[in-house]
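Chain lettering (A, B, C, D, E and F) follows the sequence in which the chains are written, and residue indices restart at 1 in each chain.
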Amino acid sequence: MSRLSIIPKLKRRKILDAIASGKRMDGRGLEEYREISVRRGVVEKAEGSAEARIGDTWVVAGVKIEIGEPFEDTPDEGILVCSADFAPVASPTFEPGPPDEASIELARVVDRGIRSSDALSLKDLCLIPGRKVYVIYIDLCILNHAGNLLDAASLAAVAALMEAKKPIYEVRDGEVYPTGEVEPLKLRRLPIAVSMAKIGDVIVLDPTFDEEEVMDTRITVTVDEEGNVCAVQKSGPQGLSVEEIWKAIEIAVNKAPMLREKLEAAL
Amino acid sequence: MSEEKWRRVDGRAWNELRPIKIESGVLPNADGSAYIEMGRNKIIVAVYGPREMHPKHLAKPDMAVLRCRYHMSPFSTHPRRSPGPSRRDTEIGMVMRYALEPAIFLERFPRATIDVYAEVLQADGGTRCASITAAAVALVDAGIPMRDLVAACAAGKIEGHIILDLNDHEDKYGEADVPVAYMPRLDRVTLLQMDGVLHPDELRRCIELAIEGCQHIYELQREALKRKYEEVVEEVKEGE
Amino acid sequence: MSEEKWRRVDGRAWNELRPIKIESGVLPNADGSAYIEMGRNKIIVAVYGPREMHPKHLAKPDMAVLRCRYHMSPFSTHPRRSPGPSRRDTEIGMVMRYALEPAIFLERFPRATIDVYAEVLQADGGTRCASITAAAVALVDAGIPMRDLVAACAAGKIEGHIILDLNDHEDKYGEADVPVAYMPRLDRVTLLQMDGVLHPDELRRCIELAIEGCQHIYELQREALKRKYEEVVEEVKEGE
Amino acid sequence: MSRLSIIPKLKRRKILDAIASGKRMDGRGLEEYREISVRRGVVEKAEGSAEARIGDTWVVAGVKIEIGEPFEDTPDEGILVCSADFAPVASPTFEPGPPDEASIELARVVDRGIRSSDALSLKDLCLIPGRKVYVIYIDLCILNHAGNLLDAASLAAVAALMEAKKPIYEVRDGEVYPTGEVEPLKLRRLPIAVSMAKIGDVIVLDPTFDEEEVMDTRITVTVDEEGNVCAVQKSGPQGLSVEEIWKAIEIAVNKAPMLREKLEAAL
Amino acid sequence: MSEEKWRRVDGRAWNELRPIKIESGVLPNADGSAYIEMGRNKIIVAVYGPREMHPKHLAKPDMAVLRCRYHMSPFSTHPRRSPGPSRRDTEIGMVMRYALEPAIFLERFPRATIDVYAEVLQADGGTRCASITAAAVALVDAGIPMRDLVAACAAGKIEGHIILDLNDHEDKYGEADVPVAYMPRLDRVTLLQMDGVLHPDELRRCIELAIEGCQHIYELQREALKRKYEEVVEEVKEGE
Amino acid sequence: MSRLSIIPKLKRRKILDAIASGKRMDGRGLEEYREISVRRGVVEKAEGSAEARIGDTWVVAGVKIEIGEPFEDTPDEGILVCSADFAPVASPTFEPGPPDEASIELARVVDRGIRSSDALSLKDLCLIPGRKVYVIYIDLCILNHAGNLLDAASLAAVAALMEAKKPIYEVRDGEVYPTGEVEPLKLRRLPIAVSMAKIGDVIVLDPTFDEEEVMDTRITVTVDEEGNVCAVQKSGPQGLSVEEIWKAIEIAVNKAPMLREKLEAAL
């Protein structure tokens, strides 16, 4: 509750009362998502793109693919770079400027989900070891922030990767030459982020902006298609009991298949 | 006119705009917003305000301050753009402000700020004009009292032909590009820039052609606003 | 359990912590401080505060604001790190804050700030946990009233084995890393992150193992504080 | 007038009264420049340099020439980089720090005039396509700001280019080697920027600092030696009628030859 | 003394200054200004103030704050310098402040700031000294009450010879460089730095030689100020 | 005295009174150092490291060695980069952020002492002229600021260099390959910085934090083993008489051997 000093405690009271009755302010059940939609190919000029909406939350992800030098300690691996811009269009509280704590966390958790689940084989993205590799940029542009950005950003990022096509290069005499052809990035896993808020003693799924403002803490569990967990992030000023953690993991594993369906059905 | 026969890369007539789609009220959080597609340009504009100015010392005692920020998403161009603001972004933010300011009754909101944010999702030539066009719609959507709308488009010259509304290719390989913003009812040009080489007479023809384009766009802006208004009325009725 | 036989690169048992050394009150200028060695990690944490918040508008009327900054010295890693803050540093500062906040009676210091600065002199895997452990000791050393201590360590998986307290090599080549911070008396987890792939049951085992590790570290924290306290008492006596 | 809220409206009143009488505060006619002087070679160590003064406005331009890599999309062209520093020596209102809106605009409009008029053939500045090209830096240092920086900066920049000498390189086995010789940059056009302010219903040429503070808007028209326009920039919070635009273009085309003479006469 | 015979790259005697030209009042906007050429160095210094301090919390209740900024134009050196401030610029701004502060009656302007801006248009060795010399003249030109002028120049050693006023080449290839600023009437050294290797006796000789140079420069400063003063008187007379 | 406006003048009074009696607030004589200790090898992962303590002042220096490109004007020399971080752990007055004036000065004076004394032969740090050289980074981390950072930083930096080992590379066909072997950096000189504060008419050695706060000016003289001076820095808002300067040089030359002993004795 420690962040609540200035934000009206009244709002927290109302939200808690609603939750106590088993229904949330917007009428949802505690473990219910808002309406989810995923659409691919929204930015034709990008190598891959998608938008995801969860309720009024709206995120666009774009994938750009370039050629660059590998990192010194992984000379035979491509590079994945994930960034998030909390564009000031998205909320009265966002300001233009360099990425803040929240947008850095968002990008890093989405990145971790993709990286940990081995969704992309970075080894397959090497052209000339130590010298030329593919660099995959995933840029997340938040257009409207109505809570639970993380799940929407994660959906948009994975959908954009599903649809991304990388240019094919020919390697000749230690140089790379574009062939003009493209081929899909091979996506081996579809990691799904599921976020929950702990408010009082209750865990609610897919928190709204208001719920996030009054929550005690958030926990995001990213799950792959085999039901394995491939990233966890607890974020917020209160602790969790182990029972709450077990419950959060369980909810995430149960809900992920529904989100994965939305992802796979996206055009 | 021989230009009537000559055709452009994308098949348009010399005085033909690209397909334009304008939608207002697309962002639930913003006080006003609009989405525009102009050819392959895809731009979202949000308006926040009138609201309190931070930091306070930038406020003006007898009028609102208009602030405009133009930003291109990293994936909006090829190759990828760095996410930070470029010098071009800063300049376009400035000319957007100058283009929109004359149309707003700023004096009605002393000490306040009105923030206009344009986010370019995909760029295809003419993003500054499309951003201004969408911003004017978003300002009305935010309920901000306006003297007039502002519509914007460019004219220019390619292979000797004067043309309307250059796309990315025409912008890059053409001889000149003249972006214009225009208030149709007040008959004032509020944005005028030029790049390239034109005889003064050609420049005049470009400006006149761009103004014609703006007048057409003005109709599309009004339709978008009307459509939204009718939707709202509909919703209100349904809600009754 | 077959894991009892299998041995790690550095010879530890699967459920064995690295050697840990904690010392409090190492920095004369700071209000509170602690130095921790956890394996080859070497970290100094300073606490300044409660003190006046600058800039003032960030203060809260009814409680103190906790600020955490995590920084790695350029020479703490190979290759050298650039001295500026990385995105990783920013995220770790944030999760440190979340890990420590629940343990502090912040409401006793309205309008104030409490600043926690962690400086990593040498990094060897698990710096965020070691920083939190040292920070909790430094907070007590600063005389800040606490609900509980916070102890932190990671568990994870390598070559199919669940293990406690990963070193740099195990972090890099292992299958998963689960850093956990824990308040032993209040029985609450205040930091939980995970990287890698784990079956939900393995994840539970990792969290349980990490909590056991935290309980052991908690004893070391208390000893360090007691040692310091006794030294102070000694000094006071000598000074009499 | 919208920017006038804080600045004394009295000043505007006075300036308008003067203009109405056909004479400006400093005694000039409406379409008259202040005294102009251009001097070349003021910084011997630069590859080219010049200073321009218009009344008390004083700008120094320096040209430095280096070797660099071309941009990906123009592998056979040299690079032109134009920057402006509003040095805090120049005005009580300038502060040390990164370039602000006004200095960015200044540099971009000067750059556009030079680039659009094709004053420099960038194709001639390529040494090894895709790998080594000349990079021409034009740096503008504002020493005193007394209004109409743009015309002075443009004069100084073009004068510095007129006098600039580039080192000659020999290309051997895909590397470039300095020969120790130099040759002039070939300047094919001399673009001239002419700026006017609209104050009330009147257009005045070469506005002073005070006039700029109260003006409704500014329009800059850059003209080449054939009387063609090669850049336009309207900058300011009020609109222009088309008649005002036609008039501004006409004034610029008429006045440019006088400024070009000053430029060509400069030593 | 054998040094009398040996000659320098540019033909000067060992104790000879480069040609110096000082002009005051060169910038119409500044409260005070000066232009100096010292060999091929070309530097303009502007003084603004005493004026209100922004931000206010940096002001001092009982005296003015002196701020000095040293900046090199990108074209002042070969190769081109990046326009942003370097660490060297920051250090020189600081030592300029220390060199000038003792000469100014700062206590007469509580809460105010006096800003000194040096802009190097061309650099040829010894820019910090030339900047200080010009700044002192600009401060007087701004009408700021001074205890003394401050004159500055360097001495150093090349090929075993102690020399006065090193140029760029001597600075780079010499054995030592000792920049000194000096208040002639108060007989105080206000800038002293050293780079290179010198026996303590050589260092003393360098400082003594530099002070002699400063005394000569002091005369040139006074002449520049007198010249300006006479011009002003002339103008006033003509205006009568 | 000019910086003293806000800081209690009372403190200065007290310090001056103590000095007048020939003893300082902490009981030291005017030309006496606090206890000095130097310890090498405190950060095993760095190529070299050391900590120095002077009283409660505590500085850690780390040396990292990498391969990079030489500067254009010194193609056959290695590169030395010295930086200082006034970490906010060290003082209630330090804030996180980019290096300020004081930390820049610190790094530059330490750097100058090492560079001027020719302690490191940069020519010996070249692998392939114009293309590959060693880059030696010295990073100074201030852990506790109790006055006279400069002498402590200088001791730590030189001690870290004494112990630093550089990886040996083999040069083959214009490329460098690590051999896996290391060898010590050859340190030819041990420059020692000796700092004094002028307070009133008195020069005191090794000033404390409080003394620095009230001092008129500081002078640092760096001395090599032959008693030559290899860097001087006067830093502070008051002037010095030549006699004071001669005295400072003398003190420094006399005291340096004692510090050099500490350095050489360090393990």
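Throughout what follows, contacts are C-beta pairs under 8 Å (C-beta built on N, C-alpha and C of every residue); 3 or more make two chains touch, one makes a residue touch a chain.
The structure displayed is predicted, hence computed values, not measured ones.
*Asks:* Considering only chains that satisfy the touch condition with chain A, which of them also satisfy it with chain D?
*Replies:* B
*Asks:* Report the chain whose mean Cα position is at the greatest distance from that of chain F.
*Replies:* Greatest centre separation from chain F goes to chain B.
*Asks:* Need the most distant chain from chain C, centre defined as the mean of C-alpha atoms.
*Replies:* The chain lying farthest from chain C is D.
*Asks:* In whole angstrom, how far does the Cα centroid of chain E sit from the Cα centroid of chain F?
*Replies:* For chain E versus chain F, the centre distance works out to 27 Å.
*Asks:* Per the centroid of Cα atoms for each chain, what is the distance between chain C and chain D, given in Å?
*Replies:* Taking the mean C-alpha position of each chain, the two centres sit 58 Å apart.
*Asks:* Taking the mean of the CA coordinates per chain, how far is chain D from chain E in Å?
*Replies:* 32
*Asks:* Using the touch definition from the top, which residues of chain B touch two or more other chains?
*Replies:* Correct list: 79.
*Asks:* Counting only residues that touch at least two other chains, what does the list for chain D look like?
*Replies:* In chain D, nothing touches at least two other chains.
*Asks:* Quick check of your reading of the touch definition: is the inter-chain graph here a line, ring, star, complete or other?
*Replies:* ring
*Asks:* How do the chains line up around the ring if the path leaves chain B toward chain D?
*Replies:* B, D, E, F, C, A
*Asks:* Under the definition above, what is the set of chain C residues touching chain A in their complex?
*Replies:* Residue list for chain C touching chain A: 60-63, 79, 87-88, 90-91, 93-95, 97-98, 101-102, 106, 176, 178, 183, 186-200, 203-204, 207-208, 211.
*Asks:* Spell out the residues on chain E that touch chain D in their complex, using ranges where they run on.
*Replies:* Listed in rising order, the residues are 27-30, 33, 40, 42, 44-46, 48, 51, 69, 71, 73-80, 83-85, 115, 117, 119, 121-124.
*Asks:* Could you list, by residue number, the parts of chain A that touch chain C in their complex?
*Replies:* 2, 5-6, 72, 99, 101, 104-105, 107-108, 112, 116-118, 217, 219, 224, 227-242, 245-246, 249-250, 253
*Asks:* Name, in rising order, each residue of chain D that touches chain E in their complex.
*Replies:* Per the touch definition, chain D meets chain E at residues 42-46, 49, 56, 58, 60, 62-64, 66, 83, 85, 87-92, 96, 98, 137, 139, 141, 143-146.
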